[in-house]
Amino acid sequence: MPTNPAQPLVLFDHVTKRFGLTTAVDSISLEIFEGEFLSIMGPSGCGKTTTLRMLAGLEEPSEGDIQLAGERINNVTVSERDTPMVWQSLALFPFLNVIKNVEFGLKMRGVSATERRQRALDWLERLEIADFADREISQLSGGQQQRVALARSLVTEPRILLLDEPLSALDANLVVRMQGVLTKLQKELGITFVYVTHRQSEAFAMSDRVVIMNQGRIEQIDSAKGIYRNPATRFVAEFVGANNILTGTVIAADELIEIETPAGRFKCAENSDHTWSIGDTTSLVISADLIRLSTSAVNETNEMACRFISEEFVGSIVTVLAETPDGADFRIQLQQRELSELDLNVGATIYVRWDSHDAHLLRDTT
Amino acid sequence: MIRAKAYDGLFYFYVALVFVFVFLPILTSFVFSFNSERFPTIPLGHFTLHWYTLAFTDADVWDAFRVSLIVSVSVAFIATFLGFCTAYTDYRYNFFGKSAYLALSLLPPTIPLVIMGLAMLALLARIGMSGKIISIIVSHVVLCSPFAMAIVRMRLAQIDPNLESAAWNLGASQWRTMREVIVPFCAPALISAFCLTAAVSFDEFAVAWFVSGLNKTVPVIILEILQGNTDPRINAIGSVVFVTSITLIILAQIIYMRKSSRKTLTGF
Amino acid sequence: MPIVVWQLVFFVFPLLFLLLMSFWLVKNYRMVPGFDSVNWIKMYGKGYFWDGYWRTLGYAGITTVITSVLAFPCAFTLAFKVSPTVRRWAMFFLIVPFFTSYLVRIFSWQIFLNDNGIINVLLGLVGLGPFSMLNTFFGTVVGYLTLCLPLAVVLQLISLSNVDRRLIEAAHNLGCGSFRTVFAVIIPLAKIGIIVAAVFCFILSFGDFVSPYYLGGSKPPTLSILIIDTTKSGQQWPRAAVVAITMIVTLFTIMFTAIALAYRRRS
């Protein structure tokens, strides 16, 4: 997907949205580039849907500017923007059949009857539901209705498509299939997709970049891998993946930063630009799947004795819950067969260790 | 369902009794409209269309039907339109004084018709408008709009809240959305409201009696005949009125049931 | 928006005018605008007005009670003892007569209740009667029932159908017999629908003139008949207005009281 760093397709410039006394979106700034698949993710009430709706024109920003293709669109009405949306409830018109639903956007633009019928049919074929053109919406399955909704939004060949949790209501296996459809579609068309969801798996599976939002603010914008491996804030570290967070004070700041925590002393190779000084409060983040487990001490740096509490199977991966010396939770993810080789009993002492280069320090410890 | 018991039969019998009470007068009127005897009682005479011919060769009766037709169709259009606007405003907007607005729209059925008739007549007579067809139309619209409003509002309650937004999002202006989305969606309710208001207007006698003056509607004629001696023509006229009204009501219900997901007008 | 205008002009205004008119005078069969409370004084001073008032109130009250009681078993059966399909069809057919041909049905009842009418003929075959049913209070009640019963059943039915079945089962579970359950559980839960049904019965019977006139003999008169007599024969519109306003005030008072009662103490 070609990116054009010189000019983003969409620009949010310190946009705030207030509803009465509540601030739903708090001064966010965001660039969205042409041809990328961007997800906005966060817990309920974080402001992701409001952000999307502001882009579509369904809400007006209380402060700040939104630009589309270089032009300020704050005052452009919904109908005049070309930002079609796929709704969570699909919002298909029940009184129109499939093909008339798809034609709708073209009809509003004054396209002739024959041309819009042809274009609508092309899109139905592309989404493999051309056979259903004359059916009523109620006769279609959930997955088929999804495709109609997609066709309806894309038939006007927009530069950008907005998606508001479209897969939330689908069965698990259908979700996986639709994710494939969406990714393939986006790559073929080369247009920008802005996708809102609360599910990590969806965002990570399909996106080029992910925006994590919390309480109206953007916590981090990065590729899926970047967010996973280098969470920028405590919220992201706790929200995404399975991370262990150890808070402490910096006691040495050389090639490796050493921190003192209630659970022990640990070293971390920090590769961000931030310079650490002794006495700084910080948190160390180490992902559960980068931890090695053994029943006896190996005496490396970054080793800790924990008490085994329980294990949780999720298919071939198992999450081990342990307790640190100072009573906090600690999670380790490993393959099931590795765990069975260790043969652990509840309450047994286990030794966890990790590489200094795998850990990561958070500047923001709130 | 509560567990069936032996005396459930009693309950069903009771329900049957209620239905008999409600429908018997209608049926007898129907039967006697074809009965040869002048005074309706048993045993029956022979089958005849005499009363129908008598009733419908009377110019007054024809006039009355003509007036009733004009009135009820006009009322249906206007009341349905007003009902739709009110229902949509209630659905879409929240504004200061909304409760008062709603109360005003829904209050008319609570005022006894006699009083409405009196009030309307008094006012219209004062401004020289009584006795005209338009006066009947105006009065009936006041009475019927609440029904239209209720029906359309129920339909709007079923709409996907994002449907309007979706239409705007796809490039439809507010006006076009109204035309291409809201109205088609409400179509079964609109037709239903049309039929219902037509039926109510067609059947309404009290206000019409006060206000119509020389332009009598059919119920007014019936009232006048009623005040005279027993006249079997009433059965004939009444049966026609009944068949017309009931056809409209049944149409209203069926259209609503078929086209929307609700099963009856009251939502079962 | 247009409906507000319409309602204001054609609904509120005429009623306000009625109020205004009640203060006008009648001289030589014409109305003269003025502000004189003579109509009120005269009307309220007349015995027949107060007779009519209490009579109408009483009739409406009795009718409301009778209708509510008669409607309940029917609504109950339809709510709990029949399949949803049957219930839907029953509703359908009950709504139909509500909107049609009140006059024709009253006329038919005249036929039935007449001294030589069908019922008396049938009773005569068994050696009973003839009973005088027309031009009596009984006739009036029959007429009111024709008007109110379908509506009462429908309104009660809606409320009863919305009663949570699980609460009924819980009551049975706790040892409540079927009969007691009805009074202790079901009626309180369906209270609002029952009260709304009663309120509408009251409004309809309070204001109706057809039943007391054609089936009840019209004498002694109800308030509605009084209005008609005063206008049609006497041209005493201001006096009629007094009666009308009194009726409206009474109705509103009763309506608001009933609704306040209905919505108080919701369990």
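By written order: A, B and C. Residues from 1 in each chain.
In the analysis below, contacts are C-beta pairs under 8 Å (C-beta built on N, C-alpha and C of every residue); 3 or more make two chains touch, one makes a residue touch a chain.
Just so you know, these numbers come straight off a predicted model, no measurement behind them.
J.: Ranked by contacting C-beta pairs, which pair of chains comes out on top?
T.: More C-beta pairs are in contact between B-C than between any other chains.
J.: Among all chains, whose Cα centre is located farthest from the one for subunit A?
T.: Result for max centroid distance from subunit A is chain C.
J.: What chain lies closest to the overall centre, CA atoms only?
T.: B
J.: Centroid from C-alpha atoms only, then distance subunit A to subunit B, rounded to Å. What do you get?
T.: From the centre of subunit A to the centre of subunit B is 56 Å.
J.: Between subunit B and subunit C, what is the gap in Å from one C-alpha centre to the other?
T.: A distance of 18 Å separates the two centres.
J.: Could you please state the distance in Å, as a whole number, between where the Cα atoms of subunit A are centred and where those of subunit C are centred?
T.: 63
J.: Listing for subunit A: what residues touch at least two other chains?
T.: none
J.: Counting only residues that touch at least two other chains, what does the list for subunit C look like?
T.: none
J.: Please name which positions on subunit B make contact with subunit C in the complex.
T.: Residue list for subunit B touching subunit C: 1-2, 4-5, 8, 11-12, 14-15, 18-19, 21-26, 28-29, 32, 39-42, 82-83, 85-86, 89, 101, 104-105, 107-108, 110-116, 118-123, 126, 138-139, 141-142, 145, 149, 196, 199-200, 203, 205-206, 210, 219, 222-223, 226, 230, 234-235, 238-239, 241-242, 245-246, 249-250, 253, 263-266, 268.
J.: Can you tell me which positions in subunit B touch subunit A when the two form their complex?
T.: Result: residues 160-163, 165-174, 176, 180-181, 184-185, 187 of subunit B touch subunit A.
J.: Considering only the defined contacts, which subunit C positions touch subunit B in the complex?
T.: Where subunit C meets subunit B, its residues are 1-4, 6-8, 10-15, 17-18, 21, 70-71, 73-74, 76-78, 80-81, 83-84, 87-88, 90-97, 99-112, 114, 116-118, 121-122, 145-146, 149-150, 153-154, 158, 161, 168, 178, 203-204, 206-210, 214, 224, 227-228, 231, 237, 240-241, 244, 247-248, 251, 255.
J.: Mind pulling up the subunit A residues that touch subunit B in the complex?
T.: Subunit A residues touching subunit B: 56-58, 77-80, 82-85, 87-89, 91, 93-96, 104-105, 107-109, 152-153, 156.
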